[in-house]
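Consider the two complexes below, in which chain A is the common component and chain B and chain C are the respective partners.
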Partner chain A sequence: MNTLLNEDQRDALQELMNISMGQAANALARLIDAQITLSIPKIVVVSASEFHAIFQSDNYWFTRQSFLGLVKGEVLTLMAKAGTETMGGLLDYPVPLNETSQDELLLELANILAGACLNVFSSQLDLNTKLSMPTIFSEQMRKAESYRWISTLLMEVEFQLEATAFDSRVVICLEGQSVNVLIDKLNQLLED
Partner chain B sequence: MELAALHLKLNDRLPMGVCVVDAGYNVLYWNDFFADRIALRSEQVLGQSLLSLFPAEARYLKKKIHSVFVLNNASFSYWEHKPHVFPFSSSRPITGEETLMYQNIEFLPLDSEGGTVRSVCLLVQDVTELASYFQAEQQLSARLELEHAALKAVNEKLSMAQNQLLQSEKMAAIGQLAAGVAHEINNPIGFISSNLQTMQDYAGRLLKLVAFYEKVTAKTGTETTQAMQRDMQQRMQFDFVRHDLTELLAESIDGIDRVAAIVKNLKSFSHVDNAEWQYASLVDGLENTLKIAANQLKYKVEIHRDYSDELPDVYCQPMQINQIFLNLLVNASQAMDAGGHLYLKVWQLDANVFVEVRDSGSGIEPAHMNRLFEPFFTTKPVGSGTGLGLSLSYSIAKKHQGDILVHSVVGEGSSFTLVLPVHGSDSPTEETTENEFAVEGNESS
Partner chain C sequence: MPIPVTIADDSMLSRKTIRKALPPDWDIDLTEACNGKEALAAVAAGKADVLFLDLQMPELDGFDVLRELHDHHAKTVVIVISADIQPEAQKKVAMLGAFRFLQKPLHADQLHETLTELGLI
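Up next, the complex of A and B:
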């Protein structure tokens, strides 16, 4: 962590993330008309095994979604299996969900969460990122050796929907080169 | 201006649908991809509601577009979930198998001001080719999976069959070995037995002789000779020897008789291929087999016998029938691991003799009932059952024009009844009786 960002840069990034998440939560609350609690974003550098460990839980669905722009990377979204039905109801899906509508719901939800996190953040830093379509991240693909590991900066936010079992985590992973772009942007911001 | 016109031209040549709507879902623009398929030019639909143009999916479109306006964030629609949002016909109208176009749709915030989205762009991609390829592949993989499962089942059956064959071959080899050993043992047992009997005779005579001498000494001997005799007898512990000698010999003779009986049983049993048809007593067969199976049964099972009097001999291959008894007895004993009661009943009804072997064991699962006589079907752990016992028994019974009836209650026990016609296949009433019981057997299972 310390090797990538210094204290000031980290504080600036944290502040930016806080603002982004606030706006994201707002937008989400307007869409589904329910109170959403957000954790304070965590910014960490993780090792390959730590990263791998995130995906070892059986209690979550996983989706992934790549983004392009000045920075490149992937957004991974973890959604609690426990709250899927409730979310389906809130998002106007016919419950009980079948296999297809569940996939559809998960992808839509992931897209909303990931988009909310990334968009606000990237517009603050003027990174001009565009998200591609999310896909379900299946279990067979969750093998440590399949990750192209360079150096990854993780920004992690937890969403919780009040009075439901649903919770989710959005993990934004930046590819190695993009971390430098981000640092440059942060430096500009700090100089201003 | 020139560039803007070029952009519009380019839009019309794009292999994807482009449609822009405002916050009221009214169409601001669509390219030729839409126009060609709906037969309405962009100018003609300007200001019309997209929802009323496509009423069938109005709700879905509204939801998707609404979320883009609220979140200022792209949204997606997948062909896997919603294949035909727009009712466009397939891109392969002549050769394709599909009639409707499969679509992926992106809903993008196109134009926003201060965080408020003013227009949303829909990008419609024709993924019919991909979808049909994907579906074909899925069908293929489903079929492959089925075939794979079938193959696997066959493989398992084969390897099981091979195991069973090995097992039964091993059993046959052991049987022959046992017969050989039994034959070899038989000779020494013969002379040991006869020698022991002679020794018993001689010992009796010696004891009588000693008794005679004692009497003579008592009558005619002097004090001294009598004292010497008492002294010698005491030193030799003769009173004990005299008593013990007869007992020892009697015990030995009994022991060697038992060994002889075991060898005889072993010999008669290992000649399973002795397929001679003859009239034989089923009770004798059952009892002989019981002796063979005794070590499996005797310590844990209490045996109750109920044999009718005056049973006729049955025309059969006795060794084969014994094989059935052995299977039934071994099964019963294995069903009663923790001990229990074994009821053996033999009776006659009309021209049939019935032999029932009933246990108080674990019983048979209803699901297994109709597979009981299937070759290689076994519920015993690998290695302890061949799965051939009952199927073999059944085929022997059938060869005798007989049957095996089963009745079982899980947790209470099972009963197997062998039905044999007294006069074999010549029996005139055998056909009807067998049918009657077959029906009864089915009901009880």
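Up next, the complex of A and C:
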């Protein structure tokens, strides 16, 4: 990883993710009338097996959606199981949640957080991405062969709600070829 | 006399974005700071009549800088430029005496409008 991006490119990518995350958190904060704690964006290159390992955690619910455009890849939204009821209540779902309402909540959160993250990120770099609707994680996704890449660039941001167990992460995964496009775009931004 | 202006942001890209958004004919003496400590040092050195301040920074964050300036009744005009744009953050910086809150990504016309409103240009 350390050789893939130089210091300036990494700085730029982190700042673009910061801005994207800020807009996503603002969208959610206004809905639930609370303040979201933001993380420092994590940017790493992972192998297919490391990527696969994300799904092995039993502590999170997952959604997955793909995007097309100048860059291609997937966006995952993870939500800590422990904080699900809290967020459900804040978003006016009847609690305790049943299986259907829990799925709805997950999809709504993915739309709010992942949607804003990817769109703001993409628009800052004119990547013109189109995001598919999120789908709930299925057992099928635990199988490593369902991933198309050998390695991928992961950009992860984390949203937390103070004094609650709510914790959600949005992970943007870029396919190998797209990483080069991203780097070109970053360079343009830096030279500009 | 050029106006002493400081940009405080830990991101190189952000500092550059702000620098490029400044009115080209604005007569200023520009200083850049990479964290809150450097921002306060710039203020102490008289290099920040106007301070463009990021909120999330290492060492000392933007809120800490505002608190410090507030406590010392500094005459620095602070314009916060932040990626965290939640209502709570905006409320907090207003209470700590920042004059304006601008969102990232920063748009040059918004910055010019703000500077005009504040009578700085």
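Note that the second predicted complex is superposed on the first by the 189 of 192 C-alpha atoms of A that agree within 3 Å, B and C clash if a C-alpha of one lies under 4 Å from a C-alpha of the other, contacts with A are read in each partner's own complex, and residues count from 1 in each chain.
Here is the rule we use: contacts are C-beta pairs under 8 Å (C-beta built on N, C-alpha and C of every residue); 3 or more make two chains touch, one makes a residue touch a chain.
Computed from a prediction, not measured in an experiment: that's the story for all the values here.
Chemist: Please tell me, clash or fit, for chain B and chain C sharing chain A in the overlay.
Modeler: fit
Chemist: Could you say whether A:Ile112 touches chain B, chain C, both of them, or neither, answering first, second, both or neither?
Modeler: first
Chemist: Of the two partner chains, chain B (first) and chain C (second), which one does A:Ala53 touch, if any: first, second, both, or neither?
Modeler: Neither partner.
Chemist: Check the residue A:Ser101 against both partner chains and state whether it touches chain B (first), chain C (second), both, or neither.
Modeler: first
Chemist: Applying the touch criterion given at the start, work out whether A:Ala82 contacts chain B, chain C, both or neither, answering first, second, both or neither.
Modeler: Neither partner.
Chemist: Of the two partner chains, chain B (first) and chain C (second), which one does A:Arg30 touch, if any: first, second, both, or neither?
Modeler: both
Chemist: Of the partners chain B and chain C, which touch A:Gln14 in the superposed model: first, second, both, neither?
Modeler: second
Chemist: Check the residue A:Val44 against both partner chains and state whether it touches chain B (first), chain C (second), both, or neither.
Modeler: Once the two structures are laid over each other on A, A:Val44 reaches no partner at all.
Chemist: Between chain B (first) and chain C (second), which does A:Leu189 come into contact with in this model arrangement: first, second, both, or neither?
Modeler: The second partner, chain C, only.
Chemist: Tell me, in angstrom, the smallest C-alpha to C-alpha distance between chain B and chain C in the overlaid model?
Modeler: 9
Chemist: Mind sorting out which residues of chain A both chain B and chain C touch, each in its own complex?
Modeler: 23, 30
Chemist: Which part of chain A faces chain C closely enough to touch in the complex?
Modeler: Counting only chain A, the residues touching chain C are 8, 11-12, 14-16, 18-19, 21-23, 25-26, 29-30, 35-36, 38, 40, 124, 189-190, 192.
Chemist: Taking the touch rule as given, give the residues of chain A at its contact with chain B in the complex, in rising order.
Modeler: Of all residues in chain A, those touching chain B are 23, 27-28, 30-31, 92, 100-101, 103-104, 107-108, 111-112, 115-116, 119, 130-131, 133-134.
Chemist: Inside the complex, what are the residues of chain C that reach chain A?
Modeler: 11-14, 20, 56, 82-89, 103-105
Chemist: Taking the touch rule as given, give the residues of chain B at its contact with chain A in the complex, in rising order.
Modeler: 63, 66-67, 70-76, 78, 80-82, 104, 106, 115
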